[in-house]
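Order of writing sets the labels: A, B, C and D. Residues in every chain begin at 1.
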């Protein structure tokens, strides 16, 4: 087996040389606009076929269901401080509208039933989440060339997350990059290159294929969780995908990708000209649905143990009409 | 095949003779308290074994994914008027915190990325939903005999919905009671008895087994949806499970049940002494997780066509810490 | 005294002849842009001088404080149905985060204090409210000629309601148009013309002056409240100010105006070309802060009794940074 | 003039000797239960008479309106870290539902008006605020001896803040304790004793009377604001009223009191047995409405300049039905 590819650290200035022109070229090169017709609102989720789904079922051998969600509560990961400007996101606010203490106090009995109710106020990007195709825009356009003015204060008139409601099922593949590189958690600023993805595949003996749901484990979220502070996590420096992986993903034709970091791509970014350049290409140009803040540690441990890196993946978004993202409880079933 | 069982209509006074004592007896008869240990917070979800999950995968033949969720938006089903006192529930409020119109207007460009964000304010019982084990109390108790004061304004300290995060996967079975009874939609006040469940099984040639996720189709939600008004739906009269089905479900040992109505059981209830007596038994005594407002029409049509009433069911709750319910995008995969 | 002016009913087609050109001319005629400098964010609130405030204090003779606010709760006035498209506004949602039932149940005692807490989710235009100067735009402009793109998803960067925090105090004058016209409540579609305003002043023996807070009583809100249904109130047909009153208000130099209707101006509007044409002029061109859904009935009764139509008016907006409106508990003190 | 009273610093253990018994005695001694009848829901707000209100108007000489509110936004003061357990309060979340960028983008024009709308999600105790009489309970009771179970998840059925809607107007008196003690801001743990209140009155040449709205300036909020961090402010150590001031306030019969700190009374408290013992007496026993997080610095400067410490005070709560508190824009008018 090949030697592990060299580390690229974007905290070093010399690794931040990506230009606006590079981004523009990639936009052209990796565009899937029109690929599924001018009315498409699903993008790469189209890659998964019914046959892929049926085949994915055969990957389930143990009957073991693993949740890849961080619980939604006031404990994080929003609110962590970083050196970057805040996006104003906050942790879920869970509120009760009827309680067991009401019941105990006898104040519900006029209803002749003792029931409780609750509600949540939740940023759709605040925890384990899908970024929908309306979440990032390229210039004045959204996915498939739709005018960006389709995302108004009233929500996304095109490519809302509710359009995906019968997707998000297929073969899941975990690339445990952290382990492949011999680490528990990759350090901040560590760029996962195409070579590293190839190397991890090779090392794991698995191949990412068209229509797959690809999960990339960096160990970042476990590192923060273990430190009992989310400072640095939301929007801060992190390991993540190198910009060049847009080509790798384009070629491999994955259905969607998810990582255990706040923003999928490496931070600092490989450029100071644009913020999150990988997102500029992946979402609006390629039509790639992106999962973030996935809890991949337990799955990674399981895979390391049984050496099986493929599984049934089911992660249905909540069909909130016009939403540009969705919280999700993604399941890996082995 | 047997003749269809007789209709029982609870809108007639004579069919409202259930007493408080009957409810108490059923509470005793159908209790699962302690069955999975004194610390259990999952109830009947425990019935599904890894082997059941693996077996359920084999039911997928077509690779067809069907969502059983109504979209979450301001169009309903909350806000419909009924003769019963309101529970104060409201439709999801989806709000944007950054938009494509902001992007178009150039006001986001200082961030060097054009992204949108959103949030939702959502009653956890407002649309397609799981009722968790903290949602209904029996006297001063919740599931497994926990003190009802465990559900405070700070949420459910016991049996919160987040505990189910690795459940909700297994064999799904649809009992299309509406079709079995020769109707598109059952009328309001129509009580689905144990005989009717047996009859529907027999007619469909399917058997509900331990650990199954049972879906009961009444056609009620499609009837309301087609009428373009939700008046009467949330909390109003409806077809639904007869009280006696608590015994049927107890015996069959299903993992969970879901219907296409607002409240699973028949309305008016079979008694005026208690409100929703079936809930009193099913949730806190039996430990049964209950799905409501499921969109079962398309699945029912598909099953009627291919005569296959079993499928893989995956319907992960959002793990909102301390929640007594959860919105859900349930998937039936055939 | 003059005879009462003739009724104009905009439900009749012939009274809907206002053109876009008329609106444009009024925009020019009634513009206060630049009047208080190019950086002004207060508009006509500038009219009230310290001397006016001191003088207003002398109007208080009885020490009687009257609230002009409808309570904020789920009972209305939002949710009422109308024939016009909905604005998506909803009634305030008040939620408890700690309760007396929690206290009674003993679950708060670890804090060594039994306290309760609460929060509200509230449309700033959902009840008794000030429309701030960012609430209505004229073409691509807001008040004082600011670019309308100053009101982004992040709020109003110019003329936010918080700028008014030391305003909203002065002489209040009630024009009880309903009583002057011999009615308890004016009918829907009844346009209050300049002649009617003059006539009411004359009949009441009061004169509206520069810097005043003008309250116009139509009786509409009491009519709806008494009917126990808000259908027709939010956004529906209503009595209200004729378009021509923009000139009257411009000339009189009032600080602000408030009415007891949902939208101040007559509905149907006097044109079908523009929606709420009076708003187009009053707010962005004239810089007039507008109060709506004020509860004026009790004040009107009091004024009718003591024949005194002037009083101290104090109605501070909540200084929510970047807000385009604010709920308010306006006080008339006599 | 007397020498300034001695400093008592509750950060020293020896100053934390208040016992539960002391609190119980004060509860008895300072109780106003029944004073205004068994149905009273206003407490000490009853002290202000119409004549007091009329007299207060005469205090206005300059026509100068000063707001005592901190703006409501995401910048604070919630979210500051302290060593005490968090109360889960968060800063106001202001959201737009229609924007100027929507207008600019042309997406609103089908409505024939370019308007913006917004909403807020706001803890009623999150910023400048009134604590209503339902906010603190004494054992199983609330103000006037009402059962504490009147404050349910559905809100306060007794003594909700909406009951005060025609109160909160009267003579305001500022006691600038910080200046009287020769400081810009009192240090944390500094207990304001009865002697200090008397001394400040004497030094300022003003007397607090029955029915007054008493404002106590410690400089704490300006100190935090100037430091650009709210760490330590919400719930942390602070200067504030000594426990014994409940007797002073009881005797003086003030209508309400407000301070510029998070919690009115000194922190650390004078005991470890109870948390916020002053609150236990002031709110449920005495029926005293308490203002917190008031911005008193500008008013204090003005008073120091003109040597006038009395003024018209108008601070109407938002009448949110069943609320235990309210945000407020309090006005001091001189």
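Heads up, the rule we're going with is that a residue touches a chain if its C-beta (ideal position, glycine included) is under 8 Å from a C-beta of that chain, and two chains touch if they have at least 3 such contacts.
Note that the coordinates shown come from a computational prediction; the quantities given were computed from them, not determined experimentally.
Asker: Using the contact definition given at the top, which chains are in touch with both chain A and chain D?
Answerer: Correct list: B, C.
Asker: With over half of the numbers shared counting as same, classify the chain B/chain C interface as same or different.
Answerer: same
Asker: In whole angstrom, what separates the CA-based centres of chain B and chain D?
Answerer: 46
Asker: Can you give the whole-Å distance between the Cα centres of chain B and chain C?
Answerer: 45
Asker: Centroid from C-alpha atoms only, then distance chain C to chain D, rounded to Å. What do you get?
Answerer: 29
Asker: On chain B, where are the residues touching two or more other chains?
Answerer: Chain B, residues with two or more chain partners: 88, 96-97, 99-102, 104-105, 107, 119, 121, 149, 152-154.
Asker: So in the complex, which bits of chain B are touching chain C?
Answerer: Residues 74, 79, 88, 90, 93, 96-99, 102, 105-107, 121, 149, 152-154 of chain B touch chain C in their complex.
Asker: What residues of chain D sit close enough to touch chain C in their complex?
Answerer: 49-54, 57-58, 60-67, 69-73, 75, 85, 87-89, 92, 94-97, 99-101, 103-104, 111-126, 134-140, 142, 147-156, 162, 165-167, 169, 273-276, 279-280, 312, 314, 316-325, 327-331, 333
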